[in-house]
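Here's the structure, in structure tokens; my notes come after.
We call the chains A, B, C and D, going by the order they appear; numbering starts again at 1 in every chain.
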Amino acid sequence: MDIGFIGLGQMGSAIAHNLVKAGHSVAVWNRSPEKTKALVEAGARKAETPAEAAGGKVVVTMLAHDAAVERVVFGEDGVLASPARPIHVSMSTIGIGLAERLTMAHAGAGGGFVSAPVFGRPNAAEAGKLFVVAAGAAEALAVCAPLFAAVGQRTFTVGEDPKAANVIKLCGNYMIMAAIESLAEAMTLAAKNGVDKASLLEVLTSTLFSAPVFKTYGEILVHEQFKPAGFAAPLGLKDMNLVDAAALNAKASMPVLAVLRSQLVTAIARHGEEVDWSAIAKVVDENSGV
Amino acid sequence: MDIGFIGLGQMGSAIAHNLVKAGHSVAVWNRSPEKTKALVEAGARKAETPAEAAGGKVVVTMLAHDAAVERVVFGEDGVLASPARPIHVSMSTIGIGLAERLTMAHAGAGGGFVSAPVFGRPNAAEAGKLFVVAAGAAEALAVCAPLFAAVGQRTFTVGEDPKAANVIKLCGNYMIMAAIESLAEAMTLAAKNGVDKASLLEVLTSTLFSAPVFKTYGEILVHEQFKPAGFAAPLGLKDMNLVDAAALNAKASMPVLAVLRSQLVTAIARHGEEVDWSAIAKVVDENSGV
Amino acid sequence: MDIGFIGLGQMGSAIAHNLVKAGHSVAVWNRSPEKTKALVEAGARKAETPAEAAGGKVVVTMLAHDAAVERVVFGEDGVLASPARPIHVSMSTIGIGLAERLTMAHAGAGGGFVSAPVFGRPNAAEAGKLFVVAAGAAEALAVCAPLFAAVGQRTFTVGEDPKAANVIKLCGNYMIMAAIESLAEAMTLAAKNGVDKASLLEVLTSTLFSAPVFKTYGEILVHEQFKPAGFAAPLGLKDMNLVDAAALNAKASMPVLAVLRSQLVTAIARHGEEVDWSAIAKVVDENSGV
Amino acid sequence: MDIGFIGLGQMGSAIAHNLVKAGHSVAVWNRSPEKTKALVEAGARKAETPAEAAGGKVVVTMLAHDAAVERVVFGEDGVLASPARPIHVSMSTIGIGLAERLTMAHAGAGGGFVSAPVFGRPNAAEAGKLFVVAAGAAEALAVCAPLFAAVGQRTFTVGEDPKAANVIKLCGNYMIMAAIESLAEAMTLAAKNGVDKASLLEVLTSTLFSAPVFKTYGEILVHEQFKPAGFAAPLGLKDMNLVDAAALNAKASMPVLAVLRSQLVTAIARHGEEVDWSAIAKVVDENSGV
């Protein structure tokens, strides 16, 4: 399939490589063009504009924030300017409002729009083991199926309204951040009462909390591996702000979310923009005098 | 083994029955004596006082709060009054301060003390599928091993200082409550954005959150089964207060704990003392205008 | 002085009337033109566009939110389109980012920009008893002095950078909201312990809390006068969101702000958009089972 | 009048001195007897036991925490052991539960009980400028009137049930702590946006927040005078814990209280037990990366 791929950060590059490996014809575009090099060597083609990348059947975006998506879609030489009218598959975490705007814009332009955000850190992306949460018109989803199969271990289809997938993605990221914070608080409480963090973690993950999120982040917390970031704190804060915007708009009460945003602000204020979002655990320790 | 068992609530009765079934000689005591009936029919012996129940090698307590434990241990005809000097195995959730006091008192009296709180709701207790977290002198733990095997699916030994087990139990209950609250907030956000709670739950529990705590409580939240309570809200609040006391004493910063206590207070204030602790999800909905 | 006045809501109308009364020549503009009627009767002149209103020495904006300010300044026939290059005096509560943008835009256009937000509810505006917090170039402030004198009881000059006044205004509104919430919590605690709210208020406002904010809102809380709104909850939430944006941008930790936003969301979700922002006190009561 | 005075800390000594100065016959007792020296030099008499101090018409307690009050009242040679059956006037901040217990115990013993906590820092105590909040039987209050007049600038009588005064005192201390925290958050937000803390304070205290609590603590915050403590952080935390206990017992929802306790825990964990309770402002700064 002719696929355009826009956004070659850590996650995007890994996904695009898997599409090339799966035999798709991939045209790549990135704001800093040097990032296209490795993919071109792997067999992809370099597009000069987002519109050019959008010349095939499908164009994927995997970008750092809403403003970047707006630029490559609505901007000059953007996706909407492509005469091919491709299906736009948005795989990054975007806000609910933007998802609605994209749905309407593509419908108006005669193209399609599918929201297909993914769960998984960079190593899962490289291994093609992401979880894909997809929503959109059934026909469009059918077209995208081989694409999703090439990058993920499982695809969840959650309805015809694209934003449903974004809602679930935002909820998921919120849940991860809440899991990290609560685990951090429990570990600090344990440590300050003479029980080491690893012992607590072992009991938790062997019993009621035997899930990947606790194992993965539990290890990070025990070993305080906050750099280099798998998912940087400012990205985490950006996502929690998208959750906050969705909650404000829908008038949903989320008191734990408020704590999470506050901890992220402190983590960044104290430790800079390079730390992993799990560095909120460091804030918990510091606020406990550790 | 000659075992005394004090405290025949929902959890205690189920555990005591499993001890009888496993062939142990069990003497039972309960403040309201009518609760001993079913166990006597099953083969247990009724003790007239806690001291009498403490006449064997081991005496277990499974009681609703710290004051009840203090009464049966330090009170008139209490466990400490037994000339048998048994190993006291405390299986209920008690505070760190009380665990320290019991450790010293039993050492002073020439008996032993093991903290062995359990994870699992009443149905797990009945099935002998509890998780036991045990701490105490190695010799005492060895004596208790067959007892733990009769009631649980796995025993975690976490050191020689009994209170370590209590710390882990309190951390675990805190983690469960935090999981419920964050799941409730995510579900309400999803629902108010047009995504049904069950869809969100399926994605979460099939991916990063594939752990019993999310499956069990997720179903309760989706179906709003807050009555009858598997674990009543006032007991949850009592436990969060024990966590709070441990955090204050150790100067551990736990901002999410503060949210949890606040939600439990509201759940009880609005819906009474009979609701399950997961009814904080109802508070989230109500505070969102649902 | 030739003054343009844009935005004739409850606050704007009262201020504009005082400018007319003080003898200034006032041109008024409002999106819904029927609101200009009373002012025209009082001696003002109706402008057909914001640009026309900006034809004098000074043009004041008093609008409900940032988007409205952006529209009348940057939009078609907006303030920037006026060849008069007036001093734009922004009296409503706007965000820090917009204040910076306005400062630059007016400097670029050859006009001036003064931020002069006010403290006071509608009755203070009618009485010409507002507090004005003003920042901008000294020369521009000197031009505006008689204007401020006509509408307020005192003007605080807080520097040459306009946004300083907006920062102080946002801090002030945050402080008011925090005062209301903490007073509400104290009153509910008192009431649930058998002490009536009015008794508590009397002691507080006769001693350490003898300030207008506690007297004014204390009475509102005691008498539960949440309708009609002096300052509607959605406006309060909008302001707290501006504070939140400023805090996020500057990486300032504001845990009480998080509580306030959460309470406002609940107040609106439960009681609609018509209630006063002090209706968060109702949420406190309801969350306490009252 | 024959007055006993128990508890000669910073506040107690100042109050007792004023009683001596006013011509009362004062018998003083303190756990560390050396603190009685200055008062004996000023004309007081040293009592050897709390019971001896309670040999007159009235006995005042001004102690650091509930346990100390319990000891001097219910303990060996305690106030209740005095055959004089005096009116016990409790002037320190105690919990609601203890107030109820004291009311009953003194009634049972044939004495009287008045709760009369005070507002004011040590310098106000020295100047005889405290605010006294008193509750108890009318007759007992009449007896105490000259005592209150000697130590305070105004007495508020708030009913016949002694605990009403304690409820109001706890609410007041909660309000002070909330005022400090919100002022600290606003000041940090201002400072991080280029507005100095003193400028913000001047606007606030000249307008809606023209109350002693903001002036006093505002100066402390601007000058970061957190040592020596006028009221040490652990005492502040103790009081917030009494508020928390009252809120839990009455099921009152107090989300801002939760923030305050958390900030105090961090202040103590990071800066030790010697800092003033207003050092939560330091935590706000630190959590903002200042």
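Quick note on the criterion: a residue touches a chain if its C-beta (ideal position, glycine included) is under 8 Å from a C-beta of that chain, and two chains touch if they have at least 3 such contacts.
These figures come from a predicted structure and were not determined experimentally.
Enquirer: Which chains contact both chain A and chain B?
Expert: Chains in contact with chain A as well as chain B: C, D.
Enquirer: How would you label the chain B and chain C contact, same or different, if same means the shared numbers make up over half of all numbers there?
Expert: Looking at both copies, the contact residues mostly coincide.
Enquirer: Which chain is most remote from chain C in terms of Cα centres?
Expert: B
Enquirer: If you average the CA atoms of chain A and of chain C, how far apart do the two points sit, in angstrom?
Expert: The answer is 38 Å.
Enquirer: Could you tell me the distance, in whole angstrom, between the mean C-alpha positions of chain A and chain D?
Expert: 52
Enquirer: Can you give the whole-Å distance between the Cα centres of chain C and chain D?
Expert: Distance between chain centres: 38 Å.
Enquirer: Among the residues of chain C, which ones contact at least 2 other chains?
Expert: Residues 247, 251-255, 259, 262, 265-266, 268-269, 287-289.
Enquirer: Mind listing the chain B positions that touch chain D in their complex?
Expert: Interface residues on the chain B side: 237, 241, 247-248, 251-255, 258-259, 261-262, 265-266, 268-269.
Enquirer: For the complex, give me every residue of chain C touching chain B.
Expert: Residue list for chain C touching chain B: 255, 262, 265-266, 268-270, 283, 286-289.
Enquirer: Could you pull out which chain B residues touch chain A in their complex?
Expert: For chain B paired with chain A, touching residues are 96, 119, 131, 133, 154, 156, 158-159, 161, 163-164, 167-168, 170-172, 174-176, 178-179, 181-183, 185-190, 192-195, 199-200, 202-204, 206-214, 243, 246-247, 250-257, 259, 262-263, 284, 287-289.
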